[in-house]
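After this come two complexes, each holding chain A, first together with chain B and then together with chain C.
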Partner chain A sequence: MAEIRINRLRKAFNTFEVVHGIDIHIQDGEFCVFVGPSGCGKSTVLRMVAGLESVTSGEIVLGDRVINDLPPKDRDIAMVFQNYALYPHLSVADNIGFPLRMRGIDRTIIRKEVERVAEIIGLRDLLERHPRQLSGGQRQRVAMGRAIVRDPQAFLFDEPLSNLDAQLRVEMRTQIRELHQRIRTTTIYVTHDQVEAMTMADRIVVLKDGRVEQSGSPLEIYDRPANPFVARFIGSPSMNLFTGRLGEQGLVLKDGAVLPLVRPFGSHDEAVYGVRPEHLDIVEVGTPGSLEAVVAVVEPTGAETMIFARRDGQEITATFRTRPTVKAGERIALKPDTSAVHLFSGDARLN
Partner chain B sequence: MARILHMAALVALAIVVAFPVYWMIVMAMTPLGFSRQITTIIPTNLTFDNFASLVVERPMLRWLWNSTLVATLASGISLVIGLSCGYALSRLNFRGSYIVLVLVLASQMIPSTSILVPLYALFKDLGLLNTIQGVVIGHISLVLPLAIWMSKGFFDSLPEELEGAARLDGCSRLGALWFVAMPLVTPGLAAIFVYGFVTSWNDFLFPRHFVQSENLWTAAAGLTSFRGEYFTLFEPQMAASIIFALPVVVLFFFLQRRMVSGSLTGGVK
Partner chain C sequence: MADLKIAGAPKRSLLASVRENLTDGPGFLWLMMTPPLLLLALVVGLPVAKAVMLSFDRVVLTRPKLAGDFTFHNYIRLFTDIDAWLAVLRSCLYMSGTVFGSIVLGLAAALLTRRIVRFRGLWRSIFILPWTMPAIVAAMVWGVMYDSNFGILNQLLRMLPFVDANVEWLLNKSIVLPALIVVQVWNEFPVAYIFFLAALHAIPEELYEAASVDGASPFQQFLFVTLPQIKYVLAVIVVLLLIFGFRAFPVIYLLTGGRTETLTVATFNAAFRAYDFSYAATLGVLAMFVSLALVLIYLHLTLRRGKADAAS
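Right, the complex of A and B next:
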């Protein structure tokens, strides 16, 4: 096990730079999730850590070694790929034992290790099968088995769950988490799914266009997003964002409506006002500091009720643990909880 | 009714395809000089003399051995070179790789008759005329372009992640090729080998023109020795043709099972 430090890392394909000098420090034993929209460079960074992609400039340090120019086989890193990348011509046992075989380890020891790992991932009965005879979830577990059998310094996961159906995905999520709690190997996990990021990570690194937007624990990022992009990207349903000018009482929208703030932020600058769907309350129409909107859709999920409303062409989402009795087409007023408001100016957070 | 028509069509097609083969066998077993006098479909007077004469009067076995040697070497060497070229073209991004591919393809489009004379001059300078090596090298030039393209195609169909995984699991690039990529393209390798073998086996142009001494001819060149200026020895020629065709058929049956792909399923997704 070891910490991973990524210093001023850049990647360019020919003259086109896709990763612009990022710094990430992952502690020993940490489960770190890289999350971002497609094309943000998260997989490229992961492949550079693995050694499958060359480093243009910067440093990748694993433990106390700079591994920039080491071939992948000498990095002591294991990776689970999105499409599993199992060896189709080998049985499950041989797939899991492959890394050991490549190290020239004795057959009987390999056999024992494979059985030990098969026990952990629950595939004891399937060792003689071939990958084509397995379900998606089982293949995923074989890929994980192949990674843990080596006892590497770090695990890399490249969107490992995106090929599974929704239910299996939730199941595997828990299993990967459990596995990590058990073996505590430093892990980098790449996903575009912010729910996976929130539920699995010790730490989330939000990436966009080859830059780190924010890095921190899931709740830190959820509660204090550093900029409008993170605010919108993390959380489902997304945060409501309103653009307006700062005034004495709060943020003044174009149509004159005022969104309240706990304290004035001075000037008449343009700003973005963010409020999460769960921080909106239905109040009587006309209440000061509330926004009037027309209900478009009501979605009860049982535990929560989601209301999509529209105002001036802008969508507003609100979720409630209670079950409000509103109907589509109704005119309602929504009032933000001022203690949970996020205020941004340009790319920076104001409050 | 439709089924009967369907059957009839199939039978007709089978006759069209099979009859020349059948007639080749019949002629091969007709006594020397009598093939023009056969009047029935089912011959009565059969003999194996023509086959015997191939061995006794002509170096047919020697020719077959030469053919085997040339075809195996030409195909084997093309396979090794084609494999490494195809792999490099499939996996490495280097400047000009596309141009290399197009040039390779272009060289395949040149008919072998048009390179015969330049090759002859070249081989003469290199002292390769009248040698088996010369024929092998000539045949490699015929087989290699397609071998490169085929092997590139097979490697392209392999997901790159498999080799990525192998390299993280402790393989060098070469190790990943050997332990993971190669076993998965075996059907393709078999197909390339068969293609190269058949091309070389069937080629008449190069052995006939680069080699003067009868002892170094391949069977394809030997087949023409039955044709004289004024008459052709049809019966022994047919017998030689049968023996000439057999090894290729046997090889194909032997490698056919390996050529059936499908071993790749299940590795990814």
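Right, the complex of A and C next:
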């Protein structure tokens, strides 16, 4: 187990730079999730840590070693791939034991270790099977078994759940989390699914276009997103963002409507006003500080009711634990909870 | 649909019933199979039958009076003919040599060009080029190079300080077989190359990445990932090249004028040097059984794989 420090890491393919000097510090035993839209460089960074991509410049430090130029086999890390990457010609037991076998470890010890791991991941009865005889979830577990069998300094997961169906994904999420709580190995987990990031991470690193947008605990990022991108990317349904100009009472939209703030801002600059769907209330039409909108769709999920409304072509989403009795086509007024408002200017957070 | 209406209902139903009767049951199967089977019988079965008949006769052009009686003479002769069995041994050596050489060379070339990105097409063309050359042309070109007095091989060899005599590549009995094998390998290793290249490209890159993270050195990756993944293709190529090697004739015959007798060359010599068609046919029957064994292995391999694919 070890901490991982990534210092001013850059990656360029020929002249095309995809990772622009990022700094990430992952503590010993931490479960760190890299999340971002496709093409944001999260997998590239992970592959550089694994040694599967070369480092253009910067430093990757594992424990107290700079591992930039070490071949993957000498880095003492384990990786779980999106497509499992199991060896099709080997049985489950041989797949799990593979890393040990490569190190020339005695067969009887390997068998013992494989059985120990099979117990942890619940594959005891399938050890003699071949990968093609397993379901997707079982294959995923074998891949994890192969990773934990040799007790590496760090685990790397590259979108490990994206090939599984929704229900299994939720199950495996919990299992991976449990596994981590049990063995406490430093982990980097890459996903494009912000729900996975929120539910699994000790710390989330949000990446976009090869830059770190924000890094912090899931709730920190949810409660205080650093910029409009993070604000929209984290949370489902997405945060509502309104562009307008700051005024005495709050943010003034183009059509004159005013969104309230806790305290007035001195400046009169353009700003982005963000409010999460759960921080909107239905109030009487005409209430000051509310936005009028026409209900487009009402989606009850049981626990929550989601209302999609439109105003001037802009969509507004609101969620309610209660069950408001509104219908599509109805005109409603939505009032933001001023204490939970996010205010951005350009790429920076104002409040 | 409009056409059918014009054609009229009764006619169509008659046609349909005829068709039904035809396509139902094994009769239709045999009807469809008969033309190709007849053709095969004509072009394959007939010559084979004729050869078998010849082998139980004594058709020797220089002694026409011997012909006409059923006899085991040729088979008895075959079992006591040391030269024939030496020819079989030479065939086996030739086969193993060419198979081994072609596999090693083809696999090496495929591994080398697999990850090449620049000039990929050029590299592939270079490695496939020898295969495009007919064996006869290849044999003639190598014949010039092997020439004892003027060949480039001896010219190069003579540049070495400790070599002071020309090597009789094709006349020296202990060198001629390897020399022939080199030509055959040069000519046919591209077959192995193409097979291997295709097989290598079918291996997911992720397996190598997983293996390298799991601590496998490049050699271990070859041993534990590449080799198991191309095992089946390897087996198929081995058998295919064994068949090629066993049937090889032009290279050996052209370069040695038939002095180096493998089973095929011995058969040719028996027929067209000694004019003993019956004995040649007997050698041919022996060759046929060897080929048959190889083909059966080949079919077993490929059919079993086909079934496994269908099952998974």
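In this section, the second predicted complex is superposed on the first by the 351 of 351 C-alpha atoms of A that agree within 3 Å, B and C clash if a C-alpha of one lies under 4 Å from a C-alpha of the other, contacts with A are read in each partner's own complex, and residues count from 1 in each chain.
The definition used in the following text is that a contact is a pair of C-beta atoms (placed from the backbone, for glycine too) under 8 Å apart; a residue touches a chain by one contact, two chains touch by 3 or more.
Just so you know, these numbers come straight off a predicted model, no measurement behind them.
Applying the stated clash criterion after superposition on chain A shows that chain B and chain C collide. In the superposition on chain A, no contact is made by A:Gly313 with either chain B or chain C.
Of the two partner chains, chain B is the only one touched by A:Asn163; chain C is not.
In the superposition on chain A, contact is made by A:His89 with both chain B and chain C. When both complexes are overlaid on chain A, the residue A:Phe98 reaches chain B and chain C alike. In the superposition on chain A, contact is made by A:Pro131 with chain B only, not with chain C.
Contact comparison for chain A: of chain B and chain C, B touches the greater number of residues. Residue contacts after overlaying the shared chain place A:Arg139 against chain B, while chain C stays out of touching range. In the superposition on chain A, A:Pro72 contacts both chain B and chain C. Of the two partner chains, chain B and chain C are each touched by A:Gly51. Shared interface residues of chain A, touching chain B in one complex and chain C in the other, are 50-52, 71-73, 75, 77-79, 81, 83, 85-89, 98-99, 102-103, 132, 146, 150. The residues of chain A lying in touch with chain B in their complex are 47, 50-52, 71-73, 75, 77-79, 81-89, 98-99, 102-103, 130-134, 136, 139, 146, 150, 163.
Contact residues of chain A toward chain C in the complex are 50-52, 71-73, 75, 77-79, 81, 83, 85-90, 98-99, 101-103, 132, 146, 150, 156.
Of all residues in chain C, only 204, 206-207, 209-217, 220, 224-225, 228-229, 231, 312 touch chain A in the complex they form.
The part of chain B that touches chain A in the complex is made up of residues 159, 161-162, 164-172, 175, 179-180, 183-184, 263-269.
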